[in-house]
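Across the two complexes that follow, chain A remains constant while its partner is chain B and subsequently chain C.
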Partner chain A sequence: MERLLRNRWALVVALALILAALPLVFPSNYYFRVAALVNIFALAAIGLNLLMGYAGQVSLGHAGFMGIGAYAVAIGASRFGLNGAVAMLAGAAMAGLLAFLVGRPILRLKGHYLAVATLGLGLLISMVLTNEAGWTGGPDGMAVPRLELFGTRLRGPDTWYMITAGALVLGVILALNLIESPTGRAMRAIHDSEIAARVVGVDVAAYKLKIFVISAVYASIAGSLMAFLNGHITPDGTAGFLRSVELVTMVVLGGLGSVLGAIVGAAMLVILPQALTIFHEYEHLLLGLIIMASMILLPRGVIPSLLARLRGGGA
Partner chain B sequence: MSMLTGMSRRLALATGIGAVMAAAPAFAQGEIKLGAVLSVTGPASFLGDPEKRTLEMEVEALNAKGGLLGRKVRLIVYDDAGDANAARTFATRLLEEDKVTAMIGGSTTGTTLAMVPAFEDAQVPFISLAGAIQIIQPVKKWVFKTPHTDTMACEKIFEDMKKRGTVKIGMISGTDGFGKSMRDQCVGVAGKYGIEILHEESYGPRDTDMTPQLTNIKNKAGVQAVINPGFGQGPAIVTRNYRQLGITVPLYQSHGVASKQFIDLAGPAAEGVRLPAAALLVADKLPDNDPQKKVVMQYTADYTKKTGQPVSTFGGHAFDGFHIWKQAVERAGTDNPAKVRDEIEKTKGYVGTGGVVNMSPTDHMGLDLSAFRMLEIKNGDWTLVN
Partner chain C sequence: MSTLLETENLSIAFGGITAVDQVSLAVAPGQIHSIIGPNGAGKTTLFNLISGLYQPSSGRVKLAGEEVTGLPPEQLARRGLSRSFQNLQIFFRMSAVENVMVGCHRHERTGILSHLLALPNVRAENRNSREIAMAQLARVGLADLAEKEAGSLSYGALKRLEIARALATEPRILLLDEPAAGCNPVETEEIDRVIHDVAKAGIAILLVEHDMRLVMRISDEITVLERGRKLVSGKPEAVREDPRVIAAYLGTFGSEEANRA
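On to the complex of A and B.
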C-alpha cells in the first residue's frame, strides 16, 4: 500500500482507473455533478498545495484566480465571441501574468508577505467583479455560454465529469512531474531550509515566483471549468474570500506537500456538506467537529499522517 | 487508540441513524414532494430563515388538514448559505435524487439565476423568492417569482413624488447588490414619470458617515426630494446625517429597509421619511375593505404564534409562492410538473401577502403597483399615505 502511494505512476494509473470506474456506480446526474466539483476543487487545491507544501508560502486569495478563470470564459464567450476553450487559455494566461506581477516584488521578501498581498489581491478581484456590473453582471453574476467543441455543445454533469476528470489526471501528472524535476528538488530544498538552499546556489525568489504562477494557472483553469459546469457564476461563488479559505483548508486537511492529499481534502470539503444535510440544523456543527477531529488525530493532514502510521505500524 | 475506536463506533452509529432517517420516508407512497433551496444561514439568512419557517409552517398546517389531493406533502429544504455554487448542486440534488415535482426558493437573485438552467433543463416549475427582474424577463417557461421588483418600488416612489409636484430629485445609493440594482432600475424608469435626477451620490456597504455625499446634494440647487436605494444599516445612517445637515426636502427610502429595525436605527431622524412597502408590514392599519387585509392578518397571527418572531415580507413571499403552487396543484388535479406549470401561469386573482397576483404567459410575476403601499414614518411608527 505504502509503496503504491509512493510510486507516482502507480498513483496516476490508480486515480485514472478510479475516475473511469466511478460513472459505472453513479445512479444519477447529481453524483456526476458532485464528483465534477471534487475534480475541479482538487485541481485548484493541487496547485495551491505546490505553493504551500513546497514553496512554503500561503496564498489567501487563491479564489481570486479562480474568479479570473471563471469570468474569462463568461466574458470572453459572451462579449468577445471567443470559443470557450480559447477564453479558458486566455484566462489562465491572465491569471499567470497577474501572479507574476504581484509575486515578483513580494517573493523577494521573507516571511508571510505573500499571504497578506494575496489576501488583498483576492479581495480586490472580488470587488472588481462585483462592481464592474457592466461587464460582469454585478453581485448577481452572469450566465456562461455553453462550451462548443468541434460543433458539439457540451452540457450535462456527466459530460463535465469526464472533462474535469481528464483535467484532474493531467493536472496530477504535471504536478508530479514538476515535483520530481530539478525545480521540484529545488522547491523541496527551499521548503526544508531557505538559507541552506540559497547557500547551495538555488535562486529562492525565482523558484517561488515560478510556483506561484503555476498555482495561479491551476486555479484559473479550475475556475473556468466550474463556470462551464454551472452555466452561471457569481463573484462570491467563484472569487469570494470564503472560497479562498476553503481552498487553504482543503490543502491543510488533505496534507501539505501531498498531491493525493489535495484530492482527498477537496473531496472531503465538497462531499461532507452534502452528506451531512440529513442532520439538518446540526450539519455545520458536525462539519466543524469532523474537521477538528481530523486535524487532532491526523495532524499532518490525512494522507501524510496515514502514510506515517502505515510506515510505523505496518511493515 | 481507544479514543479512535470510540469515535468510529459513534460515527458508525451516526451514519446508521442517518441511513434510517434517509430511507424511512422513501417507503411512503403517494407523497407530493416539494423542494426548497434557501439561504437559511450566511449573509442572506434574514431572507432564508423566515422563508424556511413559513414553508414548514404552511406544509405542516396543510398536512394536518389532510394534505393536498388527499396526499401528504413532503417539504425538502436545503441550505445554500447564500453560495450560488452550492445552490446549483442542491438544485441538481432535488431534481435527480429527491425527484421533486416543484420548487419554491432561491432566496437571492444570484442563487436563483444559478439554479434556473437546472429547472429549465429538467422541466420542473420553479417559483423564486428573489427580487430582480432578470429572473422573469425575458420570460422563462418554467420560472416564476412572487416578490415585487425594484422597478416597481421606483415607480411607486416616482408616482408619489409626482403627486407632491416633485420633478427634480437627488439620489444617494448603496453599492451593494440591492442598492445598485435598484439605482439602475430607478434611473431607467425616471423618464417615464418625468422625473429628472439632478445629482447622484453613492456609498459603500460598510461606510459609517455619508455627510460629504449629502452635503453635495444639499448644495445642488433645485433638488426637491432625495431618494435612497439601499439596504441594511446604510439608509439609517443616511437618514441621520440627512437630519443633522438640516436638509428639509422630503427623503424617500426603499422597500429594502421596510422593517421596524430601520425605525429603531434611525431614531427620531426617521420622522417624515416615506417608503414603499408591502401591505404585510401595516397589516393592522389596513382599512377593513382592503382585499389583502384578511390574508395578511391571518399570516401575521400564524407566524408570530408559531415562531415568536415578527413577520417579514420575505416570509410573506414564501407564503405566496406556496399557496400559488398549492392552488395550481388543486386545479391541475395532479402534481405532474408540466400540468402544474400551466396552472401556475393561469393564476388569476390570487390574493396574497405581496398583492393580488394575475399571471399570464408574458408575466410570470403578476403583480402591479397596487402591491406597494406608500408609508410615512410618524411618531416612530408606520402610517399609510393617501
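On to the complex of A and C.
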C-alpha cells in the first residue's frame, strides 16, 4: 500500500480511474458541480503545495493569482473578443509574469515576513479587481462568456467536471515530474537547508522564484476554470483573502509535501461545507471542529500522517 | 607544487571584535591542510569566509589564481569549492542518495520545462546523477544506506553523507569542518580513510578538527589560529614542538582551570 502511494504512476492511474468512474455514481448535476470545484481547488492547492510543502515558502496571497486567471477569461472574452482558451493562457502568462516581477524582492523574506508580504500582494490584486469597476464590474463581479471550442459551446457541470478532471490529472503529472527532477531535488533541498543547498551550487533565490512562478500559473489556470464553471465571478469569490487562507488550509490539512495530500485537502474543504449544510446553524461550528480534530489526530496532514502510521512509526 | 587556494590577510570584524585577523594561508592540490586552535580561535569563521557565507572586512581569497573574494557560495561551488558543516546541514526529508544527487546539481543541464514534462533527457540525467551519487556513497562507505531517509541515519553516517554530497560537486578543494566530531573510533577511522582517499585523487583539503591524533596523522601542513590570528604554520612535527603552540593550548587549559577554581 505504501509503495503504491509512493509510486508516481500508480497514483496518476488510480486518480484517473477514480475521476473517470465517479460520474457513474453521481445522481445529479449538483454532484458534478461540487466535484468540478474539488478538481479546480485541488489544482490550485497542488501548485501552492509545490511552493509551501516542497520549497518551504509560504504564500498567503495565492488567491490573487486565481483572480487574475478568472478575470483574464472574463475580460478577455467579453472586452477583447478572445477565445476563452486563449484568454486562459494569457491569464496564466500574466500571473506568471507578475509572480516573476514581485517574487524577486519578496522571496528574500522568510517565514512570517514572507507571509505578510504575500498577504499584501493578494490584497492588492483583490483591491484592483474591486476598484477597476469599468473593467471588472466592481464588487458585484461580472459574467463570464461561455467557452467555445471547435464550434461547440461548453456548458453544464458534467462537461466542466470532465474538463477539470483532465486538467487535474495533467497538473498532477507535471507536479510529480517536477518533484523527481533536478529542479525538484533543488527545491526540496532548499526546504531543509538553504545553506547546504548553496554550498553545493544551488542558486536558492533563482529556484524560489521559479517555483513561485509555477505555483502562480497553477492558481491562475484554476481561477480560469472556476470562472468558466460558475459563469459569474466576483473579486472576493476568486481573489479574496479568505480564498487564500482556504488554499493554505487545504495544503496543510491534506499534507505539506504531498501531491495527493493537496487533493485530499481540497476535497475536504470543498465537500464538507456542502455536506454539513444539513446541520443548518451548526454548519460552521462543525467544520471548525472537524478541521481542528483532523490537525490534532493527523498533525502532519492527512496523507503524510497516514503514511507514517502505515509504516508503523506513528504520526 | 602549485597553489590552489590562497587567502591573503583575510580579516572579518563583528562589531569591533576581529574574529579573523590577517590570516594568510595556501593549499595545494592533493594537500591536506589542517586548521587547529582553541575554541573561539576563529576556525569556523575562517571557513565561512573562504566558502562565501561571510563577506571579509579586508583581505582576499584566490581560487586557482582567480580572485573569488566575496563571491556567494553557489558560485564558489561552480568554481570547484565545496564544504561540510560542523553542525550537520542535511536534507533530512530526502533519501541518502538524493542528498548526494543534490551535489550533482552543478553538472545538471536540463531546463525546468523539460523537468515538468519528464522528457527522456531528464530521465537520462536523473539516472546519471544517481550513478554518480551511488559512487560517492560507496566512496564514503554508505552504499548500503542509499535508499534510507537521511533523517533516520546515525550521526557518524550523516558526517560522511555530507562529505559524499560535497564530493558529488567534483570539487577541486574541499573544506571539512570537524568531520570526526561526535564520531566513535571506528567512524573516525573511516573518515581518516576517506580524507586520504580524496587527497590522493588530487583534491585539496582544508580541515578543521579537534581530534589531535587524527590531525597529526593525516596533515601535510597545519596552521594554528589563536584569537583570530595565525600563530604558527608548518609541518605537524614542527607545530607539535612549537613552544608558542604549547603555550596557547596550555594557556586556555590553565584559564579554564582558573575559572573552575
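In the analysis below, the second predicted complex is superposed on the first by the 306 of 315 C-alpha atoms of A that agree within 3 Å, B and C clash if a C-alpha of one lies under 4 Å from a C-alpha of the other, contacts with A are read in each partner's own complex, and residues count from 1 in each chain.
Here is the rule we go by: a contact is a pair of C-beta atoms (placed from the backbone, for glycine too) under 8 Å apart; a residue touches a chain by one contact, two chains touch by 3 or more.
Nothing here was measured: the structure is a model prediction, and the numbers come from that model.
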### Message
Per the contact definition in the header, classify A:177: touching chain B only (first), chain C only (second), both, or neither.
### Response
second
### Query
Where does A:138 make contact in the superposed view: on chain B (first), on chain C (second), on both, or on neither?
first
### Task
Quick one: classify A:203 as touching chain B (first), chain C (second), both or neither.
second
### Task
Look at A:278 in the shared chain and tell me whether it touches chain B only, chain C only, both, or neither; answer first, second, both or neither.
first
### Query
What is the contact status of A:189 with respect to chain B (first) and chain C (second): first, second, both, or neither?
second
### Summary
Dual-contact residues of chain A (chain B, chain C) none
#### Entry: Complex contacts: residues of chain C adjacent to chain A
51, 53, 72-74, 76-78, 82-83, 85, 89-94, 98-99, 101-106, 108, 110, 112, 115-118, 122, 125-126, 129, 162, 165-166, 168-169
### Task
Going by the contact rule at the top, pick out the chain B residues touching chain A in the complex.
4, 7, 18, 21-22, 41, 78-79, 82-86, 88-89, 92-93, 95-97, 108-110, 113-114, 116-117, 132, 134, 175-177, 180-181, 184
### Query
Which chain A residues qualify as touching chain C in the complex?
174, 177-178, 180-186, 188-189, 191-193, 195-204, 210, 214, 257
### Query
Okay, in this complex, where on chain A does chain B touch?
28-30, 33-34, 37, 130-131, 133, 138-141, 143, 157, 226, 230-234, 236-238, 273-274, 277-279, 283-284, 293, 297
